[in-house]
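What follows is a group of structures, each given as structure tokens.
One chain, chain A, appears in both complexes that follow, with chain B as partner in the first and chain C in the second.
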Partner chain A sequence: MAISATASAGLGQTGGPAPGAASPARGSRLNVGTAFAGAVLGYLFGHWLGNAIVSGDLYEVAFNTSTNNVAIFLALLFGVVGWLAGIGALNYPIAKIMGKEAPAEIPEEGWARFLKFTLDHKVVGIQYVVGVLMFFFTGGLIAMAIRTELLNPTSHIFGPNIYIQLVSEHGSIMMMMATSIVVGPLGNFLVPLMIGSRRMAFPRVEALSFWVFISGLMVILTAFPLGGFQTGWTGYAPLQEQSSGGMDSYLMGFGVIGTGMILAGFNMAVSIITYRAPGMRWSRLPIFAWSMLGTAGLLTLATPVLFAGVYMGALDRTAQTALFVNAHGGSSFLWENLFWFFGHPEVYIMALPGFGIAAELLPVFTRKPLFAYRVGAAGMIGVGLLSFFVWQHHLFQSGINPDMRPMFMLTTELISIPTGFIYLVGMGTLWRAKIRLELPMLFVLALYFNFLFGGITGVYLSDVPINVQVHGSFFVMAHFHYTIMGGLVFAFFGGLYYWLPRMTGSMMNETLGRIHFWMMFIFFNLTFFPLFIVGLLGMPRRVFEYAPRLQTLNDISSISSYLLGFSFVVFTINLVWTQFISPKPAPPNPWNSKGLEWTMPTPLPFHNFSRIPVILSDPYRYGEPDALPVADFGEIAAATSSTHEGLAGAQPTSSGTEEV
Partner chain B sequence: MKGMPSTPEGRRLNRKHLTRLVIPWAILVIIIEPFIWFVLRNHLPPGHMTDSATGIQFDEAVVTMTGSPIVLGVLMYFGYAVTVWRVPRNAPLEDGPPIRSNIAVQAAWIAITSTIVMSMFVFGTYELVVPAGSGGGEGPTPIWTPATHKILPIQVIGQQWRWTYRYPTFGGFETDALVIPNNTEIAFHVTSLDVIHDFWAYQLGVKADANPQVDNVAFTKTQHTGRFVVRCDELCGVWHGAMYNYGQVVTPSQFMAWATSTEKKLAPMTKTLPPVNYAGYTPSANGAAGGYYPAIDPFSKVEETAVPNGKAVEDTSALRRTNPSQRAGAGSTTTKTPTGTIKKPTTPPVTNTSGKVG
Partner chain C sequence: MADAPGLMEPAEEIAYETRCAEGAIWTGTRLLIGVIAMAFAGVGFAYFYLRSVNSEGLWRPHGQTAPLLLGTEIAGAALVGAILQSYGLFRLRRGLDLDWSVATWATAGAGVLGCGLQIWELTRLGFQPGQSGYASLFVAWGPLSAALLLVGAYWSETLAARALRMKSAVAGDGGLSASQLPRARLFRASAEGAAYFWWFITTVSVLFWLLFYIV
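Showing the complex of A and B:
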């Protein structure tokens, strides 16, 4: 399209020129480069605007700070808008608002499409893979910096200010990453293939969610030059109020990421509910799609509360309201409650996808049907529902609502029942199975191993008396690293090894993959297990100094963390080598899965299915030679059109066969 | 239960594997449980300096004894499965038995986990309520209080980045040494002057958030004398990691001697402090709320609040909560360090508990 990218991007909000007719050969010329230009222009414009609204002198006198937070907020806001305009996310809505024809969106070939705003869920999925890995590696490097500071209890490498900034950035980046690590890459890519759809329900929203997500990383990283934020990822007020300019990046960053999460969440939920192929009953839905549905519900319902919280925080810092300042009639408990009302469902946003991947992969590598499918699906939805009723267990010692503590202890402990269903499913599926320890299966087994420790330590934390001892200590920190990293991140990498042949058509290298797995598994445990003990022995979180007697355990953890980091170098080499430099074509169904996503040719056709399949069965029919195939692409219907026998179980209205 | 091969062969295999799993598991459980109770329990943190610490230690032992068989069972199951049911990776593809569900197993699973969870809840609630909140902060109106009325109140004041303690029953003097008597119910009234801190007296088994303007009460009863560490357990800014000091549990007679002498010694300074107010300090023109929200004109009240006697200024805590401009004016007691302005610690009479260590 013939628009001047930078001109439209810089003032994106005020309306880029309406997109003209696209040339038929190529799609939009806007790409990540114009997006960067738009972001820079937007940032500069916002900063100028903020300073124009509130002049520096006035600000200093009125608000007793040398930082013009209005300018920072507007700069970040317009930077994000400029970024979105620069990538072309606003072309369609603006064209529609102006009453013009929407620009044609031509499907593209080649590498360039991965750097553009695209409506193809398969491209967005791969964009997300790269995106979450960028988040993950950035956060991981910062984590290693944190561990470096903790090598010695008293001598320092970074000093307390840089250290606390690193801690805060690590937490924020990793939390942002973990909300999307599976929903983004694997969810967007696989869910349409698994439910027999040609696309997600809202392709434009899907692409928007990705580009918003990526801009979140840039926004949170702007905190460093702005002086960082000293609050940790929880951003407790009133510390929030006195933090330096980087706090604005935190609030804006979580606002941006929150927007992306809401967009991704309702898109996923709507897709799964309404875009299932004929015959894809709820009882035939792959368990991974169930986990995506549960996650999507949490994303959609919990994130607005975070959004409200960061909005109020932004008001406190710019308009000088005192919503979180006790001394001026606000309440520091307000932020804590808003934050954790989002924060605890978020914990399950990070757990459910891992469970989903584990349960989806187990039948393939045990060559057995998924055990207790309905219990597993119910567990995922049950965890999701319960997670809205537990948030105050983060505030057991805060002084709020002591009479509610038994209730929150009960709800918290109740969550272990549906979480336990995931173990029931896993252990039942392994019973008398034909276990093949392929690479993805190793990651699944590691998830069950790690999450066991993460889960059982959660019981200690949920018990209010023991919480007195472990709240806010390294015990908590080790606990949630065991659940999020040991659970979700292991599942993600297992899923990546499993589905990358589907996504790119190239296998990953087995040997390097095994080296990656074993290094990651061993050094993950060596990094985080000592921290349980360190926490029990009295080391609070986020401290740069600690008792000298805890140095040995901390050093084991620190040195292991470097080797853990190195395992991802192995992974990256593997990824780059096998996917870019020397791709080895994958067989069409390398794992002999019965999943619908493996029934399609490689490379995947642009519209996935030339003919929407009729789903005949759930994808776990291992060990049943007489079972129907998972879907009918037309052949069975053609062969049996006279008798309709083959479709006995396919019609949504027919009673069909009962699976479970 | 369609697909469940209830063949005699299937049932025989089920029994065989179950037996092989359960018997070693049961043996290990029989070994481990007494080990936890008799050996591990007494070494679990945070010791037994107070009744809440003892309670926490007991709870940890009980939860560990409940959790260990589960962890052990699951790990053994996975280990057994991977060892026994593994097939070589190059073996021809062969499917396992199509067991899709087993109502008995599922029902038993749900029943057992629910029972464990409900008992943990009942146990946890009892352990929370009976020892008066088990050392956790109960907010301004505690609902679980000790049975006795002989409670020593101590106000714990957090500020960036130090702890100070006021003794309301001894004229309200303020020190930065926490000295408490043995065999006494203590009520810690935890509050903050600036941001959220968290008072964590590790060996006492006490933890309570220090919120500005909020009185967060935590009870404990001392049982042994000794030294304990106090750490800030809620991120409170750059020097959070350095916000710790030590306290001491002493005999009641030692405590009385220390408290009365300290009260007398600090009387001139105590006079300059605001009266003890559990709900924290309201901001005033001299910035006595931590100085973060200074008054409209921070210089207007300097003359009134500054202690005219230069000697009293030497080590008074009266200027602790004044704003930086006043501190600079007072001059003599402040030192510039990389942390910002730090006041000279008051040295309490009990020598071995003096001030901040490290």
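Showing the complex of A and C:
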């Protein structure tokens, strides 16, 4: 960070570095290597400690297994702490105890910064791209293993125990990935650029969220050597209590990921609320930022309940509490309720960002203003609020009072109204538009196609009589793959093709991109559409054998899944070739967008904006010849005199004085 | 990076960004309270859920209760912390920096004391963790309560330590309470947040004190 007489230290410590500030980040030799070392040391220490606690007569191992769950938990916990200490995430919180203020960050050059704890939101965004792809490809490989087992109804490759472990790992890793796939990479990178800010509100929280997120992948993968977990990603008690040591990895893994989600959402929400540039009224906020705000609200307010749930599960398995043990005054349904109270808002954590990307891209490729912008923004907030009141629809077949079912059926069906708003905003924008079928637009159109199946089957599932028939079947499984993969993941890749030129300055290859798209689109549908049918024909989830008459449909699905997997090989080749090996410089605004994020030079300046822009308009004024430019980048004096919303007179928008 | 190392900010921009940062502390405090409140809401839900389900009649056999005196002291420590931190803020606004410092160190002490008592109480329970729903939930709640008090203590302690280091820098500018330097303004925003947060700790502590010891 540049420091001059009046320069900002940028991190909230405006006015230059304070005396006694902790030593600056530059020259920090901590990186991912030291983080690994810290993780290993922490793991070993925790394991030793757990064995020391449990040895002797002090403590009996829970549930008469030969597994020492205390040692596993402490090993994982200290492993994560060691990882964070090794990357340097704990330096400042410790320095604070001595009263030290935040050090000024000095911009770093070169590749090494991507392997470090860094406060630049643009670096964190790119770190997240790599991070979520690691999750996605790990989970994807496991998915193909699942489909391989299902090639034949009776001859087996893995057998039941390994199969259920694979299913559980796949579900957990993909759910973890999906919580962050847009908020992490695109949200962190783009939101400050879109709202006209030089920084995030809490850059350390943002960086911490990334390194916590990555440690979550390592934690959940430790389940394999520990015997896996047999519950699927939902972790239902009482199986949770009986499962082998891998269940500890599940509980710790979701605890860790949940922490990362809360941190990421917290920083995102506060940044959007307080760091908008002057003139960036709520009515001018890009719709992608609206979707990030809605998602961040869900991340911060729903995830703590998951945290409470996994914490209780961990205590049951280590401290011998009986919170989920019916025979001792607990209830296994307590887990189911806590889990789904988080789990349904989680559905919208995974849906809103996809629609945010789609709505952001549509005006660019239709050259029309976003249709009913306010309805779209309101729909996102409405979905977010309603999603807290529907969770019992996951318990229709289990321990709820049957008289409660109509109410939760009603709330669930109500939520399709704001969801429909969001969908119709897209349709209205497409209506009578001259659509430019460029690569990112293809992904957006695919989202609307796929989500039609995913969304409408969701309405069916919310209906109690149908739910009785199809719950726990492949129908449900196909439904949520159509929403999460068909919606969110398609949007993510569309967004990546669209914004990578902004993030790295290099275009992706168009031909390879189109091959990726068409393979992904066709084989996604061929993988998952047959599963609606096998589900309706009665094939249950998470079972390794099935009726022989369902083999043809399953084989179509399995073979398509390999080709779907291959489409990501094409993507990866494209990514590595065009971004690392032979970068092709992108034009400054390759899609001819009016978005604020495209107004800065490439590569992006460290401070994003050399002058804080004064926002004059929303970024969707396509086809309006007399529309104002999106922002005024002039000198302060010019800005304050030419607009009534100049910087000097503007209040920060958190004060609530601005109109909505 | 292209423009490093030179970003000359006009005074208006520094003022604007300082106001943004103050707003972030204000909003962040409220959102942090929301986050923690939702985690405790999970525990509160568990309390009422297990109590109403009463599996095997084992929600709370024989009216099991954790040590009342200790529990009252812990909730009391939270209350004392909140009062001290607010009183300190009141004095800071009147320009009495030293009063604020003394009150804030005392608040941090109250937090550490409450945390320690809470941990000690967990070793002094008259029941085993798996003995009943109540017993299980109490054992789950105890560490969370201790952690919450520790977070409050950390906030107060870091503020008080920061004030010590800042003293000379702001002395010529009206002191902690009046300096218009950005770091002093952000410090005051955080001090305001801490007082607010301590009332949240007290609210949580007293609510669960009612649930676990009184009801």
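Rule of thumb we're sticking to: the second predicted complex is superposed on the first by the 592 of 660 C-alpha atoms of A that agree within 3 Å, B and C clash if a C-alpha of one lies under 4 Å from a C-alpha of the other, contacts with A are read in each partner's own complex, and residues count from 1 in each chain.
Throughout what follows, a contact is a pair of C-beta atoms (placed from the backbone, for glycine too) under 8 Å apart; a residue touches a chain by one contact, two chains touch by 3 or more.
Keep in mind that this is a model prediction, so the values were computed, not measured.
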item	value
First, second, both or neither for A:Ile417, with chain B first and chain C second	first
Which of chain B and chain C A:Val576 touches, first, second, both or neither	neither
Partner chain in contact with A:Thr300 - chain B first, chain C second, else both or neither	second
Which of chain B and chain C A:His328 touches, first, second, both or neither	both
Touching partner for A:Gly309 - first (chain B), second (chain C), both, neither	second
Partner chain in contact with A:Ala52 - chain B first, chain C second, else both or neither	neither
Partner chain(s) touched by A:Ile97 [first = chain B, second = chain C, both, neither]	second
Contacts of A:Asp403 with chain B and chain C, given as first, second, both or neither	first
First, second, both or neither for A:Ile157, with chain B first and chain C second	neither
Shared chain A contacts, counted only where both chain B and chain C touch the same residue	325-328, 333
Contact footprint of chain A on chain C as seen in their complex	1-24, 26-28, 31-32, 34-36, 38-43, 45-46, 49-50, 53-56, 58-61, 128-137, 139-140, 144, 154, 157-158, 160-166, 168-169, 181-183, 186
Chain B contact footprint on chain A (complex, rising order)	64, 160-161, 163-164, 230-232, 234, 236, 238-239, 241-242, 325-328, 332-333, 366-375, 395-403, 405-406, 409-410, 413-414, 416-417, 420-421, 423-424, 427-428, 430-438, 445, 448-449, 452-453, 456, 459-460, 462-469, 471-473, 536-538, 540-547, 592, 620-624, 658-660
Parts of chain B lying in touch with chain A, wherever the complex brings them together	2-3, 13-14, 17, 44-46, 52, 55-56, 59-60, 63, 66-67, 70-71, 74-75, 77-78, 81-82, 85-87, 89, 91, 93-102, 105-106, 109-110, 113-114, 117, 120-121, 124-125, 127-129, 131, 133-140, 142-144, 190, 194-196, 198, 200, 202, 205-209, 211-216, 229, 231-242, 280, 282-283, 289, 292-294, 358
Complex interface listing, chain A residues touching chain C	2-4, 6-8, 12-15, 18-20, 96-101, 106-107, 109, 197-198, 201-202, 262, 266, 269-271, 273-275, 278, 300-302, 304-305, 307-309, 311-312, 315-316, 319-323, 325-331, 333-334, 337-338, 341, 601, 603-607, 610-612, 636, 640, 647-648, 650-655
